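The data blocks that follow each hold one structure.
You will see chain A twice below: alongside chain B first, and alongside chain C after that.
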Partner chain A sequence: MSLWVDQYRPKSLDGLHYHRGLSQRLKSLAASGDFPHLLFYGPSGAGKKTRIACTLREIFGPGVEKLKIDQRVFLSPSRRKLEINLVQSNYHIEITPSEAGNYDRVVIQEILKEIAQTQQVDLNAKQRFKVVVINEADSLSRDAQAALRRTMEKYMSNMRIILCANSTSRLIAPIKSRCLLMRVAAPDSEEMTSVLLHVAKKENLNMPEEAIEKIVEDSSGNLRKALLVMEALKMQSPNLTGSLSIAKPDWETYCHKVADLIVGEQSPARVMEVRTKFYELLSHCIPPTVILKTVAERVVERVDESLKADIMHWAAFYETRMRIGNKKIFHLEAWAVKVMSLYKHFFFDIDMSSFD
Partner chain B sequence: MASNFFNSRSGPKTSVKHTVDPALQPWVEKYRPKTIDDVSAQDHTVAVLRKTLTSTNLPHMLFYGPPGTGKTSTILALARQLFGPDNFKNRVLELNASDERGIAIVREKIKGFARQTPRAQAVASDGKTYPCPPYKIIILDEADSMTQDAQGALRRIMETYARITRFCLVCNYVTRIIEPLASRCSKFRFTPLNPESAASRLTYIAQQEHIDVNKPVIDALINVSNGDLRRAITYLQSASRLSSTSVPPTPILPSDIQEIAGVVPDKIVNDLARTLGIDIDDDMDMDSSMPPKFNFSAIQKKVKGIIREGYSATQVLSQLHDLVVLHPILNSKQKSACALVFAEADKALCDGSDEELWILEIALRVHKAVSS
Partner chain C sequence: MPPRSQQATQKKAKPAVVSLGTTSLSQPISTSQKRFNPLTAYSLQGSSPSRGPPAKRRGGKEKIIEILDEDGEEERLHEHDDRLWVDIYEPITEADLVVHVRKVEDVRRWFTEAFEGGPSGKLRRYRRILALTGPSGTGKTATVQVLARQMGFDILEWRNAIGEASSSTWDPSFGINENYESTFAKFEAFLNRATSCRSIFPDTSLSPSVSSTSSQRGSNPPAPSPKHIILLEDLPNILHPQIQIQFHSALRAFIDTTSQSEFPVPIVIVLSDATMRGETRDELLTSGAGGYASSREKGGILDIRTVLPRDLLMGPYVRQIAFNPVAPTLMKKALTGLVDRHFSHTRTSSSLSHLVAPTKETIDTVIESANGDIRSAIMALQFTCIAGKKSKKSKNKKHDSGSTVLMESTTRRESSLALFHLVGKVMYNKRKGDPSNASATAKDIKKERALDATLMDPPRLPAHLKEHGRRASRVDVDLLYADSPIDSSLFSLYIHQNYTQFCNELDECQDIMDCLSWADSSGGEMWYQANPHRFHLLTLGTLHSLPSPVPRRSQKIFKPEYFEYLAKEKDAWEAVNDTRYWMTVHRGLGSAESLTTDTSRWSKLEVTLELGAVLKLKQTQAGRKWPGSEGLPPSHSLFSKLVFTSGEGKKGQQVDEDVVGDDDQTLAEDEVDIAVAKKFAGGENDGAGGDWLESDDIEEF
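Take a look at the complex of A and B:
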């Protein structure tokens, strides 16, 4: 038995619940022989992957669903071995080059060249080209993106590329201008409600209105999260009666606890406490950006209006530092101390502007 | 038998040429200017280069200017006119950023090509006469991405073989070319296309492709492309693809162009600006009852909304920038304060910072600057 998220994932473009205009577009593109390179972007859980899978099915037929997972070894220029997982069918190949870290350029070049130089052998195939799906395209390094540029033009005749990214900010302009941009926005609450009801109906589940409302609100546009939460709720109480409490993930409650600590007291001893908590979170592999954002949002909820802007400002500031720097904990801590000092001075009414 | 095998291969070249179906060819390639007279705008440069066609003497050249203004097209067209299709292959070497261009390549490939004495002129197969002057041209496209060392290695090569080889460096930022190289070349600056010539070229392509575009669409194309003709043409092709494949075929609308270009709709940007306390004059009835006082949660909500819609932070940033800089009421001090914020945010986004945090940061600080 699979999770509901997978079980009820739409298989065809017609089965998609929202963004009908987009689906229509994809359908007509797939039907024409003139299929461009595509770039899907949008927040996570909005349905980018689902749309890509549906489009591929529309182009090649059900054959694309026969997937096999392969592991390939590449040699980096310094003779280090890189192992990359590939998911492929007869018609397409899916890679996540960011797995290779700094050497993603090698992976891109090797795989694309290999595919570009082989022609489709299956005579029954609907199209002559193969499709390469590149996941997490926004974490590709500049070099890798530059390597894509020329390949995208040169091998247009037997290869198409579909890029999947969260944001287009980090993609270089030449790549963007070579692709047809497909924005997949997060579904709004009505669309999410309808999808949740649809799944509930299929499962013969009677979801109370307020429960659905709560799930939708909690998942903030992330349909995957919403479905997972719904399934979790069902596991908690099979008949869905009594008070429903949406269990927050552990790390989130933990982050909230950190925020409460910061607001509660401002002293060196408290800093130490916060520090151990940050360490704990980091050692459980919670991305530091997520930690900072969650804690900051919580702190902002609990402080005076005039402090909010400053707190977010420093959050943004230290987040950038964290990217450039190496040791994440330093910047998390620095931010916590900064917030404490702001807060304390706010109470003692000292003008801090001369210290910035 | 083995020798037979090799002989048959070394015979007349029968390699199947890698051809692309013209219908699938990017229009950017399809409508590249064939002669330098076809080059849109850039009158000054074209006038100078036309002289070289008659005098058959060419200096080393350095073309610089923003992307999509016709730098590569101009040099390719010039080379084609000088040598004709038959000599083009052995007289012109074109290298761009996707080719390896480290110092090793400069030493081997470029030097090797530069020192060859140009071959005798092949008879033009198409019956036209070409000037075919006695030198070769090496085109270094995107030369600003060459390393300092590689550029340094070029210095001497350029002088030594000046008799038989001309260099043409093409780049976006002339400041990234080291001074000794720049001083060896005569410089040509390419300016962003003015709307009229861009419009006429786009209309010409639309006519050739038999697609129906009206004035607002052309305007939208020019607007989103900022004088970059290549981008405008690519967007036009994408739009026509979309419109022709939908059933029934729909005409291209300006909003389609905006969507393809990834531009945030004006309505959303204006909405955000209004939340930040910037007055927007549009036909919408303005909500004058909105309190000008600081409202954190409203701003936060707006920002979250934008992120959920999936717009890119850099796009929001640049559009907000345009709006603030051209705003009629804000005073210079406010605008400068905003500019500072935009600059910092751009740097942070380039470093890969979190988009939501930074849009919020921009919003809050712009708000502070505007309301001070």
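Take a look at the complex of A and C:
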């Protein structure tokens, strides 16, 4: 049993359904002997990792799919042990630096050095270099990015780096300039529909037109989400009859309720209530940025036109602080209180003008 | 860590007071006028060649009372009167104790139950460990000793005798001593012997490092009593993680063995509360010592939670009795009685005329500056009597003010504001000219007036800043910072948890929240990690934003929920990791080959944000159709269950009105928690209190 998302993930560049131009380019890159460092960026669910895997396969052949998982122990500068899972084949290694928390610099340096110092021993290998795939590169700390920048040049002879990030804005410029940037845009609705139909066909499913339409609309360019929703629908009613309702993830509905709370009443007591909800969301591993974004979007839907810009402005404002600060709840709550106060003043002012 | 080392030097230096008594006549000190640094004052005296018998330097953690005992013992030979009053007037009977009667009763009942087993006779096996906690100088050890005398049991006390062992056996020419036994091994041996064997000669010690203190101290000849207890006051170095583990297992083993035996020996652990000083950590952080040092710092506090493992502390075998600082009334009674006894005694017995009886005001000052520490109060009293003699010789008029300043500077203990009062002080936002409380006494009102008179009115603000105009605040932020028992980070959490009750308007909330948010993010790259001025910024920002005066509606102060949720979040991340691992392995099994590339595709965030619904469905499906065939690991259910609660458990109630009530209830539990646990609090001022203070008590602490 595996999820459809994984099961029907294209294995080769030719099998990809959309962004054919990009695939073509990757193919010629892999064929040329001169492969640069790459930086894949784009929204989640657009197919970045799929393309990375396909490119690797294009470079090294099917051997790259023989993976093993290593658990490695690194020592932080303060002698704390960090256990990190590494996925690697003979040709490449994948790391997710966010697993190392604050010590990502150590992990990155160790791994890169190790890779760089070992020569490719497999004589049949198509290329002389190994590839290091760094997932979630935008969560790399500044230290780690700075460390990366030097190593990228130094070990160019037997190592290439492929970075994968949602946005390039959090990567320092020197890294961006050392990589070939590959933007993987979210698929449009037609492309999504074709992928969904492709999977449905393989599963011998007869998906109703409107269901697919709804899924596509609901998942807003996130193909992974779309496929998961489709699978969930199938699991709910195996023969796909009756009214199909797309279940939103729990956290999303929860966020919407929080937004309703904020708009519903503005008082110190309500602040406490909203805080508890924020705490609850945070304790379920929902990233604070996602919470802020989801709640803000929902609040904006429900308020007067003239307030929307302000609300989003403050959301961005407190999001920045949140990134610098430690206690996420402070910033979430500060935003919520700000919005409440804005909202209240809005109505208060209207009342006053009507009196005049 | 400046304050602790300071404390340590103070402790070590204190015995020098003894010598002060003998040398002060030959060395006139012109101290009556200037306020001088207590530390340098001591060291000056301490380094003088005519110093009395040197204080024995033993293990760093040596308790002051024991040092004093030694000195007292030795000096008795030379001159009877040079003993410290603390030793001369050590409480012998229960009436002498300054501990609240109920506390003594609690301890006595515990001992009775430990020896006789209570009414049913079965309690004996559950009275294994008694932990006495509280600030130093509140009579914890004294209570045990008085009760030992009264109820007739022996005390076997453990002492870390590092000095003795190493000085006698250590020879630099031979590297390692074969007979070397680690201190902890000695401790274990002591514990074993003390629990299993009964001393034949109650006078002699079980091992070189053990002394039967009751026989030493008691004046009556020790009757061979079958009962004895183990007193642990001087613990092994449990700040070392490994020793802490060993210590915990030793305690567990102790409970295991003795709860079965017929005449089990109870352990009494006496533990003085050490408060964490807020500024220390902030300063450490900013000075670049970094997170590493600070995390060690955090663990470096010897409190009940480090000494006893959590499961034991919560379990049936351990009882904790917390002592409060000595109430001023009790202390006054005790000190006056002591002075009376001392001076009537000296008049009859010998010529101890170089001491003057302290005036009533002096005693009051001593009590005020002692912060509920009886030992420090007695020491201070003796010191004033000696110092007072000398200054009397010079100028009579200046005597009073001079000695007060001197005494204040030398005897004031580092006061620490109870957490409760700290938060209260900030949240009630008192400003100049606030109407006094309905329950305030005339004296309080007078004091408030006097305080107001010293406050300067802030300059008038220009028109465009009018809304920022406030009356002068009665809160002295610097003092607050110096006395704060918590660091600024925890302080901000407390403000965050409680501010809403104190606000009238949403705008006030907004200002406070903005200040909290700003202070939290203001460290960043400019300072090492945190803004060093955070405490001040937080306090001033909060004071500025709060309404003035703050309406009284019986607000209660709650503990921050932050940590609870943080723990939950940590568990949830574990579940996410487990799920990811399961997905990896599971897929691997499916494809029969080695693992495919698909596996690592799922990042943590993707799992949490997108997989929840599918996992839940799979869970129900697997349960219904093919139970077990999917090979679902338990961690999987843990994760999906988690999602389930987030979706439904709270959501259903969230819109309802009752949730508010529910929340209040859980908060109320927290509040009990805070009153009982008092993790950081120095304790309340009233001797009786285990309950919590009403808001009115905050003012005058």
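Throughout what follows, the second predicted complex is superposed on the first by the 349 of 356 C-alpha atoms of A that agree within 3 Å, B and C clash if a C-alpha of one lies under 4 Å from a C-alpha of the other, contacts with A are read in each partner's own complex, and residues count from 1 in each chain.
As a convention for this text, a contact is a pair of C-beta atoms (placed from the backbone, for glycine too) under 8 Å apart; a residue touches a chain by one contact, two chains touch by 3 or more.
Everything numeric here is computed off the predicted structure, so don't read it as measured data.
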| item | value |
| --- | --- |
| Fit-or-clash call for chain B and chain C when the two complexes are aligned on chain A | fit |
| Which of chain B and chain C A:156 touches, first, second, both or neither | first |
| First (chain B), second (chain C), both or neither touched by A:305 | first |
| Chain B versus chain C, judged by how many residues of chain A each one touches | C |
| Chain B versus chain C as contact partner of A:49, first or second or both or neither | second |
| Partner chain in contact with A:324 - chain B first, chain C second, else both or neither | both |
| Partner chain in contact with A:253 - chain B first, chain C second, else both or neither | second |
| Superposition-derived minimum Cα distance between chain C and chain B (Å) | 9 |
| Chain B/chain C common contact set on chain A | 320, 324 |
| Residue ranges of chain A touching chain B (in the complex, touch as defined) | 24-25, 28-29, 31-34, 36, 41-43, 46, 146-147, 149-151, 153, 156-157, 167-170, 173, 176-178, 180-181, 183-186, 220-221, 289, 292-293, 296, 300, 305-306, 308-309, 312-313, 315-317, 319-320, 323-324 |
| Contact set on chain A toward chain C in their complex | 1-3, 6, 9, 44-45, 49, 53, 56, 64-69, 77-78, 85, 87, 94, 96, 98, 102, 135-136, 222, 224-225, 228-229, 231-232, 235-236, 247-251, 253-254, 257, 261, 266-269, 271-273, 276-277, 279-287, 290, 318, 320-322, 324-327, 329-331, 333-334, 337-338, 340-341, 344 |
| Contact set on chain C toward chain A in their complex | 291-292, 489, 492-493, 496, 500-501, 503-504, 506-507, 509-510, 513-514, 516-518, 520-521, 523-524, 561-562, 565-566, 568-569, 572-573, 576, 581, 584, 586-587, 590, 593-601, 603-606, 608-614, 617-618, 621, 630, 642-644, 646-648, 650-651, 654-655, 659-660, 663 |
| Footprint of chain A on chain B - complex, ascending | 18, 20-21, 23-24, 26, 29, 67, 96-98, 230-231, 234-235, 238, 241-242, 244-247, 259-262, 294, 296, 300, 304, 307-315, 348-349, 351-358, 360-361, 364-365, 367-368 |
